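What follows is a set of structures for review.
In what follows, subunit A forms one complex with subunit B and a second complex with subunit C.
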Partner chain A sequence: MKIRIAPYFIIIYVLAFIIFVILISYFWQKNRKTPEQPINFSHQIHVSKVGLPCTHCHTTVEKSTAAGIPSVETCMTCHKAVKKESPEIQKLTKYWENKQPVPWQRVYRLPARKYVYFSHKRHIKANLECVNCHGNVEIMSIIKRVPKLEMGWCMSCHKAKNVSIDCATCHK
Partner chain B sequence: MDRRNFLKILGITSSTAMLSSCGVDKANEKIIPYVIPPDEEVYPGKPLYVSTTCTECPANCGLQVKVNEKLYHEQRSLYPTKLEGIPNHPINRGGLCARGQAGLFRLYHPERIKRPMVRDEQGNWLIITWSEVVTRIQDELQKTRRLGKINTYLSNHTNGTISQLKNQFCQEYGFERLPDFELFSHANIKKANQLVFNKQVIPQYRIAKTDFLLSLGADILETFVSPVEHTYHFSIAKKNQHFRWYHLEPHVSLTGVQADHRIVIYPESEIIFLSYLIQTLFRESHQKRNLPFKLLRSIPTYSLEETAQQTGIYQQDLQKLVGELSKAENPLIISGGISTAHAYGLEVAVLTALLQWILGITSEVVNFINARNYENIGTFLDINNLLHRLDQNEIGVFFLSKCDPAGQLPVDWQFLEKLKKASFSIGLADCLNATVRACNMILPLSHTLESWGDAQPFDGLHSIFQPAIEPQYDSKTEGDILLSLLNNNSEFSLYYKDYLFNNLKSRFGETNTSKLLQNGFIRTAVPESELSINLNQVYQFLKNFRIPQVKRTELLVFAPSIRGYDGRSTDLVLLNEIPDPLTTISYGAWLSVSEETATRMSLKDGDEVEVRIADERTKLPVKKQKLLPENVNLVQYGVVRLLSGSYDKRSGELFWFIKDIILSKTGNHVKLPVLSGSMDENGRGILPHVNEHGHEKEGKPWYPEHEHENYRWGMAIDLESCIGCNACSAACYVENNIPIVGRKEHLLGREMSWIRIQPYVQDNESIEFVPMMCQHCDNAPCEPVCPVYAAYHNPEGLNVQVYNRCVGTRYCANNCPYKARRFNWFDHRLPEPLDKMYNPDISIRDRGIMEKCTFCIQRIRAAKDKAKDDNRLVQEGEVIPACAQTCPTKAITFGNLEDKNSKAYKLAHSEQAYRALEELGTKPAVNYLGKKREHYEA
Partner chain C sequence: MSFLNNFFLPPSTDHLHLIKYIILLIYFIHIPFISLLLGGTFFSVFFRLLAGKDQNSRFWQVSRDFIETLVFRKTAGIILGVLPMLALTLIEGQIFYDADATIVKFMMITTVLVAISISLVYFYQSTFKIAEVKPNVQLASGVIGLFTILLAYFVFSVSTSLVLDPGRWAFVNSIWKTLFSWNVIARYKHFLIAALAVSSVAFFFFNFNWRESKKEIAPEYASFLKRLSAGIALTLTIIQPLFLFWNLITLPDQALSMAVFVLLILALFIVLLICLTLYRLLSENQVELGKNVFIMFIILLVVMIINDHYARENATENHTYLLVHRAQDVEAQIEAAHAQLLESSVEPDLKLGEQVYNTQCNACHHFEESLVGPAYNVVLPKYLNRQEELTNFIRNPYKIDQNYPAMPKLGLNEKEIQSVVAYLFKRLEESK
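And then the complex of A and B:
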C-alpha cells in the first residue's frame, strides 16, 4: 500500500530542522561565551575597585604560553580576611578547606585548540595589551568572551602587523 | 512520494545531522587551578628536567627526565613525558637505547600494582594496608622461626645504598641474602678473570681506545653489559681510519653485521680458533708478553688447515686476521654472549683473557680498575641451589624483589611449582609478572622515577635516582619497606630518603652530594692496582683442557634481543610496535631459519614449524633470515620462553643453545607482521657505493626554487655510524605522540612510525641500515597534489603538514617516493594511564589525518621562541630533534643549512654526502653520508 505524502511536508520538516539547529547553536554559543562559573567572580571589582593589575593573578602571562590561573591559595591570601561574610567567598573558603581546586569554566578557548598553540608570552612581548583580545575586563562583572577566536581574526592582525603568517607558527 | 522514500530521506537527514554534530568539541571545558602552587619554577608551558638513572638494564645509563605540568583528569600535576640521556654522562653521553626510551611505558604501565595484597586461605587476593603488611610479615617470621626454616631474600641487580640496607635487614632478621638474580650474569667471564687475573669482575671494555677489536659472540652493541656505552665508543673508534673490527659468531646478530669483517664460526669451536691464534702468535713471535713453556704446551696446537676445517672459517680470513692482529698497537679481545654460553664457554673466556694478556693488556682498553658492578650477581649454580632448597621445604619467608625468575627461567625447571613450597613468599615489584602472581603477598614498589635511591654502575661512578613524579599508587620504595620492617614501624614514618642522604653525605660529603643531585652522577677515585697473571692457576685449569668434538647438529639458539633484553621489556607495548631490526617483525614470536633450511623444508615466511626438544614442543612461524648459517635456528629471549635449559656446572653460566632439535612442518601458516617491504634496495641507489653517486646525477627541479630567509632546516645522517638499533624510532614515538596501532594494523601495512630503519641486504654478505623519514624535500612531490594545501612548504624549508586542514585524501602519501607519510586510519589513543606521557607541546592526531616527521617542529618553535626573547637567531645546537638527541652513536646531525658554518651544512656538502633518490629532483633536506665501502675491500 502506498501512502502519498505531499512534498511540502518535506519542506516543512527541513525548515523545522534548520530552525532547531539555529536555536540550539544560539544557546550553545551564548553558553560558551558566558558559561556559568562555580563562584560569581567579578573582574570588575578586582580590577576597577581594588585596582589589581592583571599579572597579580595571571602570573605567568609574561613568561609562558599560558597566562596562568591563580591558585586557591592566591585567592585566600586576601580572602582569609576580606569579605568573609559574603556567600560567594564562603564558597571559596569551602574549596580551600576541602583542599580542592575551584572548577572554573573556561571562557577563552580556541575553536580548534587541539591543533593550535597560542603563546601569551609572545603576544605580551610584542607589546599587545590584554584589552586587545580580552576586551574591557575591568568593567565585566561576569567574564565574557569578546572575540570569536577564529583563525581569520588572528590572521587579520598578523597580516596588519606584518608578522609571520606561516601555518607552522601556530599549528604543530 | 511514497512512505518508503519519505522514511529514507528522513533517516538520511537525521543521521547526517547526528554525524555532523559528532565531531564538535565538548562545550564545557574546565580550567583547574592549583590549590597550593608547587614551586615558583613550575608553571604550564615550561618543562622541568630531573637527573636520575635508567634501570631498564644493569648498565644504569644517566637519565634526564622531562617533566611537564599538565592537566590530567581534572588534576593539575607534574608528569614525566620524555626520557633522555644526560649529555655528559660517562656511560651513555646523552644517548639512550630503545629500551631506555620505553621506560615511561613501565612507569605508566596499566599493570602497575596499585596496593598491597595478600592471599587468603582460599587463594583469593585481599587488599591490605601497609601497617597490616608489617604485622603480617612479623607473624610469618615468627611462624617460620618455630618451624626452623631459613628465610631468604632474592632481588635483581642491586648496588649502592640499598644493598647496604638489605644486608643490614637480612642480618638483623636472620635472612639469607641470595646472590642477585640476572639471567645474563656473564658467569664465565667473571670466573675466567678470577682464574687468570685473580679478579672476579667484568672489566670495562673501552672500544674507543683500540685500533683492533676482535669480538667473539659478544653482542656489544645490543645487550652485552653496557650496550649504549659500547655503541658510543664504537662510533668514536670508527673515526680512526686504522680501526678494524672482526666479529665471530655462530649465528647472525645486529652487532655482527656492523663489524668490518663478520666471520661465521661453528658453534663451540671458538676454543680451537683461540688456541690457533695464541699458538700462531707465539710461533711468529708477535706476542708482547711471554708465557711459560709448560703453560703454552697445554694449549693444543692446530695447523691452519685443521683450524679452518674445524671452525668453518676460511683460511684466508684466518691469515688476514692474524696479520692484522699482530700489527695492532692496542688490540682488544672481547668474548661473551653466545661464545661463552656453551659447554666450552669457560675455556673460551680463559683463552680470551690469556690472549689479551700476551697481546699486552692495558687499562686503557680493558679497565679492571673501574670494573662493572656485577659482584653481587649470582649464577645458575646459586639458582639451582635455591631450587633444590625450595624442593626440600627448607625456605620459610621468601622475599622476591624486582625479579621474575618464574617468567625467565627455563620452563622445565618448574620454578612456579617449587616457589609454592616456600612457607610465605612475598613479591615486590612495580608491575605484575609471573613471579609475583604466584606469591602469597604482593607489595607494590614505586617505579625508579617515583623514588629516591642510588646506584654504582661501575667502580668510581655513583649515580642517583630522584623522583620525577609523586607515587601514582599506594606504593613504597624497597628502602621504605625495609626501614619500616627493621624498626617495626607500621606507620611508615621513616623515610629511605633520609637514610640515603645520611649515607651519601657520610660517604661523599655535602658538596659532592649536592653535585650528585644536580648532575645525576659523580666520579670518585679508585685505587689503581697493577694487573698480574696467576700462571699457576691458569696452568691447573688448562691441564685438563677438553678439546671439543664439534659435531654439527640442528641448533636452537636463544639470543637476547635489543627490544626485549632478557624478556623483562617484552610487555612494554612500544617495544612491540618497533620492529626487530634484522627481520623487521614487530609483534609476536617467530623462528629465524637459514635460507638453506627453508629450501630444504620448503618453508615460506610465516609457515609454522614444530620445534621438538626432548619432551618439550613448541610451534613457531618461521622467518627466513639472510646470513644465518645452516643448521642454526634463532629465537629471542623473552619473545619465546626458554624451553629447556642447562648450565655450566663449573661456573653457573646459562647455555644459550639447545642441540639436537627436530624441526617439522605443521602445515599451518601464520601471518607475520614484517614491516619492511623488501630487504633488497633493487638497485635504486638508496645505498650507493661511494663512487656511484654524484651531484651531476641530480634530477632537474620542476618548480622555481624556494627562498629561505634565515633558516633552512636540514639533517645529515652518517650511515657509517648508524647501527640500526631503533633508538631514534623509539624516541620519536614518545616525543611526537605517535599512535601505537598494534599487530592487526601492522599486518595491513598501516604502521605509524615516523622513522623506519630499513635493512638492506648487500650482495648476500652484509646487512646495512638506512633510517628513512620525511626528507623535507625542497621540491616535495606531496605538496602540489594536496587539494586542500595541508602539505605545504614553509619559509624555513620544512615540509609542514597542517593537521586541521587535512581531509585525508592520501594523495600525498601516494606521491611520496620515500614512503614517509603515515595515515591515521583510526583514533589510536594510548589507554589509561599510559596517556599521561603525551607530550603537551604537540597535538594528538585524529583519525583521517596524514602525519609524518616534522623535524620535531615543537623543538624548533621552542628554540625560536627563546632566540626571539634574546633578539637573536637560533644558534647551532639549540635545536636537537628527539632522534638525534637519543642516537647512541650521534649519527644524526641537525642544523641550519643556510648557515655555512653549521655542522649540518658542512656534512651535507662533504664528499660522502648524497641524497636518497636524488635523481627524482626532489632536493631532500636529509643528507646521507655514505659508507666508505672501499675500506671493506682493503
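And then the complex of A and C:
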C-alpha cells in the first residue's frame, strides 16, 4: 500500500499555526494582566451605581499634574457607615485602624516617565473628558489600562487638536 | 468633512445597540455574494485570457462555466451587492458621524465602485454568447469589471482596518500610510484568497453536487473541471492559515480579546478539516465530498465574520461608549426641557419615591442618625416650606455642611426627584 504523506504534512502545518495562535494568546493574556489590587475595588459600582463623578475621589485632577489616588480617609468618609459588613470594606477599615495607606497598584504609568512631563490639569482645562484617555471606567469592575500611553498615541491627539507638537512641550 | 456630520443625525442609545446586529446581518448577506462575484469574474477572465480568441478551446468553456455558475441574476446584484453596501455606508456614517469621516468616505467610494463593477460584470456575463458584441469589448468589460471589484474591496479593507484602530482616527494625515498599513494588506489579501477559495468550492458544489442530474457534462470535461476546481480550492485553502495568522498579528492591540483568539483557532481547525476533505476528494475521487466542503466553507465564513465582529466591537468599545454617553446627554436635555414644561404637572409617585429612597438615599442618609450625610430629622425640616429648594439641591447638589462630604449628583429624572421629595416629607410627617 502506498503511504500518503501529504495529509500528515497538512495536519502538521495547520497545527503549527494553531499552536502559534495559542502561544500568542497566552502571552497576550499574560502581558495584559492588570495588577492585583489589595482591595477588590470596583469603579463600576462607584460610578454607575452610586453615581459619583470622577472628581469626587480624584480630587486633584483639576488642580495638579496628578489626578491623585484617594486617601483612606476619603474612602472612610462614606464607608464608616456604608457597607460595613462587606469583607472588602473590612479590609479597608483595617488599613484605617492601623493608620496605613492602602497599597494600591498603579495601572496607568507613562512608559518613559523620567523623560515625559504630563499634566492632568492642563488636559482637563482643554476640555478633555476622563473617558477620552481612561476608557469606559463606568463598566470596569477591575480597572484596565486602555491606551498604551505611547508617544504616537499622544501625538495623534495633539496633531488632531492642533496643539503644540514641539518636543519641549512634553520633554522638558 | 463637516457637511457629512450635518448629514447624519447622532444615533440614539437603542438605535446603537440595534445597529451592531444589522451590520452583522449585512456582512452575512454581502460577503458570500461578493466573494462569489469576485471569484467568478476572476476565474472567468483568467481562463478567457488563456483561451485567447479560440472559442472552441476548453478554457473558453471553463471561463463561461465559471461566470454562469457563480454570478447570479441581476436582481441579486442589486439586493445582495449594491443595497447592503449602501446600507452599510449609511450605518457607518451614523456610528462614526464625528469620529472620523474618512471611514465613511472610503465606504462611499466602495459603494460607487461596487455598483460600477457589478454592472460591468453583468455586461460581461450576458454578452458571452452574443456574437454581435465584439469579443474584445466583451473581454474588456470583464477585465475592467474585475479591476473595479478589486479596487472596491481594497478601499473597503482600508475602511474596515481603520475602524479597528481608533488610535489612528485622529490623524489620517498621511493617506499612503492609511492605504498601505500592514493590517490593510493582510486583510485585503486574506479577503481575496478566501473569496477565490470559496468560489472554486462553490463552483465544484454547484456543478457536481447541486444540479448533477439536471446538467449534462461530457465525462472527460467533467473530470477536468473537477480536478481543476478542487485543485484550486485545495491550494488556496492551504495558504489560508498564513493569511489568518498575518491578519491576527497585524491587528491593533485594542481589537484583541480572548473571543478573537478562540474563534481564530476554531477557524484554523475548520481550515484543517477542509484541506483534508479536499485532499481525499482529489485523491480518491469522491465527488460527494464536495457537499461537505461547501458546508464547511459556509461555517468557516460565518466564524470569520463573527471573529471580525468581535474585533470591531473590542476596538470601538470606547467610541460606542462615547456615543451612548452623548446620546444620553441629548436625551437628558430633551427630558429636562420637557420636565421644565411639566414641572408643575409632574405627579409625585410615593411608591417610586420609596424605591428611590431605598436604592439611592438610604445608603448615606437615615432619619434618626447621621451616617455619611446628616440625619433627615435634622436637615429636612428647614425645607418644609421651601420644597423647590430641595428639588433644586437634589438636581445639582453642592457642599453645605463642612462636617459631611459633598453629596454626589444622582442622575435622577424629574419624576423621581419629585417623588422622592414627596416620600421624604411624608416620612418626616409620620415620624412626628
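Everything below uses one rule, namely that the second predicted complex is superposed on the first by the 139 of 172 C-alpha atoms of A that agree within 3 Å, B and C clash if a C-alpha of one lies under 4 Å from a C-alpha of the other, contacts with A are read in each partner's own complex, and residues count from 1 in each chain.
Just so it is clear, a contact is a pair of C-beta atoms (placed from the backbone, for glycine too) under 8 Å apart; a residue touches a chain by one contact, two chains touch by 3 or more.
This is a predicted model, so every value here is computed, not measured.
Of the two partner chains placed by the overlay, only subunit C lies in contact with A:L52; subunit B stays clear of it. In the superposition on chain A, A:V21 makes contact with both subunit B and subunit C. By the touch criterion stated above, A:P147 is placed in contact with subunit C alone, subunit B being left untouched. Once chain A of one complex is fitted onto chain A of the other, the partner contacts of A:C78 are limited to subunit C, with no touch recorded for subunit B. Which of subunit B and subunit C touches more residues of subunit A: that partner is B.
Contact with both subunit B and subunit C is seen for A:I10 once the two complexes are overlaid on the shared chain.
Residues 4, 7, 10, 13-14, 17, 21, 28 of subunit A are contacted both by subunit B in one complex and by subunit C in the other.
Those residues of subunit C lying in contact with subunit A across their complex are 167-168, 170-171, 173, 238, 241-242, 244-245, 248-249, 253-254, 256, 258, 261, 264-265, 268-269, 271-272, 275-276, 279, 283, 317-318, 321-322, 325, 360, 363-364, 371-372, 404-406, 408-411. On the side of subunit A, the complex with subunit B involves touching residues 2-5, 7, 9-10, 13-14, 17, 21, 28, 31-32, 35, 59-60, 63-66, 68-74, 95-96, 99-106, 109, 111-117, 119, 121-122, 125, 166-169, 171-172.
The residues of subunit B lying in touch with subunit A in their complex are 1-3, 6, 9-10, 13, 17, 25, 27-37, 43-46, 74, 76, 792, 794-796, 798, 800, 802-805, 841-844, 846, 854, 857-858, 861, 865, 868-869. Every residue of subunit A that touches subunit C in the complex is listed here, in rising order: 4, 6-7, 10-11, 13-15, 17-18, 20-22, 24-25, 28-29, 50-53, 56, 77-78, 80-83, 131, 135-136, 138-139, 146-148, 152-153, 155-157, 159-161.
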